[in-house]
Amino acid sequence: MVSKILFASAIIMLLAIMLSLYRFIKGPTAPDRLVAYDVMTVSSLALIALIAYLASRIIYLDVAIVYGLLSFLGVIIVSRYFERGL
Amino acid sequence: MEKFNLENISLVIGILVILIGLWGLLTQKNLIKIIIGFALFDTGIHIVMVSIGYIKNGTAPILDNAVDINNAANAVVDPVPQALVLTAIVIGLGITALMLTYVLKMYQKRKSLEINNYNDLKW
Amino acid sequence: MVKNILIFIVLIGFAVLLANVFVGFKGNSELNTLANHYAVSGPEEVGSANLVTAVVVTYRGLDTLGEVTILFLSAAIVSFLLKIETSASRKRKLRTTSEILDTASKILVPVTLLFGIYVFINGHLSPGGGFQGGAIIASGLVLMLLSQPAKEVSHKLITIVESISGLSFVLIGVAGVIFAAGFLDNTLLSLGKFGTIFSAGLIPVIYIFVGLKVGAELSGIIANLQENQNEV
Amino acid sequence: MIQLIIALFIGVLILIMAVIAIIHKNLVVGIIAAGAVSLFASVLYLLLSAPDVAMTEAAIGSGLSTIIFFYVLNKIKRQNG
Amino acid sequence: MDSTLEIIGAILVLLGSIFLFLGALGLVRMPDLFNRIQAGTKASTLGTLLSLIGLLLITPEWWGKLILLMIFILITNPVSSHVLARAAHYIKIPLTDKTVTDLLDKEETTYKVNKEIKNE
């Protein structure tokens, strides 16, 4: 029961990443693509936590923390580049 | 159909990323685009190496409560390619920083990022 | 036109080469002899729960020394190339940061540095180690520079930390040659109880020095790239 | 099974991002796409049960390389005045 | 058979993934950048938090790192979207046609107020 529900939620998360990929490809300006990148990374953070449960190893969550921190830094540095504050 | 498993899928992905990186390295005219192609080439090689070290249904080579220590040799994946890739990623960052600094100095000299303007050694 | 054909031929050649790799690869279902030795006798010989750490620091310790050397060389060349011109010292105007980013970076910078230290101290128990910890520490520095761009980074401190930790790393390796079995042997200290933080002999000490060295080098590269833009 | 499906999706994402990184005219978008390739590659490493490599790729390949690329791009843009 | 707590946790994970999907749908459907930012960030933050709470109910012994991860997401995600929106407004990304007022743009606001006063 639990594993079936988690299977379905993993598929829905992958579909969410695919939808934001559409915005990444189409997006008229570069900030649009940056928003799509942000949503993609946050969705794959939830996906990493799910993978950690499926493999039943707590140590994978360390990777998730690093992932969240570094993707945040990437979005901030590109924004500061846009507004000439770097 | 027996080829359809995790290590083969990631091996194909790695090979295709290598080819895409090589294609960018050879066809692009912008210096920064060439460096991006080089970084993709690097990533592809890392994916290929990690997927060659994968053992079927293996778990991470870190022995904590989830892995039986006495039976570790039958449960974990190969640690040696992972150690090699770990070294390679760090060296890749050093090389990328070095190439970007060279591009910066070249731009200060010629005010151009096009590779066709740097034809000093062309005959 | 000739160029395009040449590029096409090179790509096809690489594709054929790599297709051979794919066809020849059958997938392995058990470890080979070397990895089997590491997995069976690694916990007793080295005492590290993370086998990758055991391979990187002890069994293949010389590789790590070479890697640290390459990183040091590239950091040195970057700073040499960027420092070579005399600075005209012309400050440019930057757009100010917002209040929210300031406050968030005040919270996040200490947390990031602390997490980096956690990563390299726990390198023998959980994923991570000196290189990842150093990269996270450099990211903390980037976050600080993003919220306060005018802040001066002390190059003297970076140099001192880097020299002391690099020297200690090499000295620990040589001490292994003199007092124990070989270069970077970690059994100088007792191995301790398997799976606790005071275990695996010298590996946590070595990783602390490697982490400080890598963090200082990457911070040096970033500080050089950031700071000179005020002067060009 | 679920690992296989996730790996397939992540692989398609990596390939599309790599092609965007090469062919897009805008340099900023190219660099962001190259960082995204590294981020998704770290999810793939996690599926291949290599958390050490995944952490290194997320911290160094995706984080610090992108940061260095943008600092250099910023300096190049400043040269024009 | 699974316990009740585990099933509740799994349903929370499913709910979180549905919120992530809705956030991505908003990203595709919304007309301009600022609408996309608010749809994407709010929905994805809620979705990720719900997924992590669900995993916390399924495996209660992982509470330490999961709660740390939640605090990280709660701090970083709104800050990054704020900085991005500020930069996008600064470089004058066009708004959609249905925009009524842009309060951040000071000059335009005063201009509109003056015009209204004149009309009265």
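Annotations
The first chain written gets the first letter, and so on, giving A, B, C, D and E; residue counts start at 1 in each chain.
The working rule: a contact is a pair of C-beta atoms (placed from the backbone, for glycine too) under 8 Å apart; a residue touches a chain by one contact, two chains touch by 3 or more.
Note that the structure is a prediction, hence the values are computed from the model and not measured.
Path length between subunit B and subunit D in the touching-chain graph (shortest route): 1.
Chains that touch both subunit A and subunit C are the following: B, D, E.
Of the two interfaces, C-E and B-C, the higher number of touching C-beta pairs belongs to B-C.
Taking each chain's centre as the mean of its CA atoms, E is the chain most distant from subunit B. Remark: the per-chain Cα centre closest to the mean position of all protein Cα atoms belongs to D. Chain centre most remote from that of subunit A: C (centre = mean of CA atoms). If you average the CA atoms of subunit A and of subunit B, the two centres end up 21 Å from each other.
Subunit E has its Cα centroid 23 Å from the Cα centroid of subunit D.
For the pair subunit B and subunit E, the distance between mean C-alpha positions equals 33 Å. Annotation for subunit B: residues touching 2 or more other chains are 5, 7, 12, 23, 54, 59-62, 64, 82, 86, 90, 93, 97, 101, 104. Residues of subunit D in contact with two or more other chains: 3, 47, 49, 51-52, 54-56, 59-60, 63-64, 67-68, 71-75, 79. Multi-chain contact residues, meaning those touching two or more other chains, occur in subunit E at positions 76, 79, 83, 86, 90.
This structure has the following touching chain pairs: A-B, A-C, A-D, A-E, B-C, B-D, C-D, C-E.
Within the complex formed with subunit A, the residues of subunit D that make contact are 2-3, 5-6, 9, 13, 16, 20, 26, 28-29, 32-33, 35-36, 39-40, 42-43, 46-47, 49, 51, 54-55, 58-59, 62-63, 66-67, 70-71, 73-74. Residue ranges of subunit B in contact with subunit C, taken from their complex: 5, 7-8, 11-12, 15, 18-19, 22-23, 26-27, 48, 52, 54-56, 60-64, 69, 72-74, 76, 78-80, 82-83, 86-87, 90-91, 93-95, 97-98, 101-102, 104-105. Considering their complex, residues 95, 98, 100-101, 104, 107-108 of subunit C touch subunit E. Chain contact summary for the complex, subunit C toward subunit B: residues 7, 10-11, 14-15, 18-19, 21-22, 25, 27-32, 34-36, 38-40, 43, 49-52, 54-56, 60, 63-64, 67, 70-71, 73-75, 77-78, 81-82, 125-127, 129, 131, 194-195, 214, 218, 221, 225. Subunit D contributes residues 3-4, 7-8, 11, 14-15, 18-19, 21-22, 27, 30-31, 34, 37-38, 41, 44-45, 47-53, 56-57, 60-61, 64-65, 68-69, 72-73, 75-76, 79 to its touches with subunit B in the complex.
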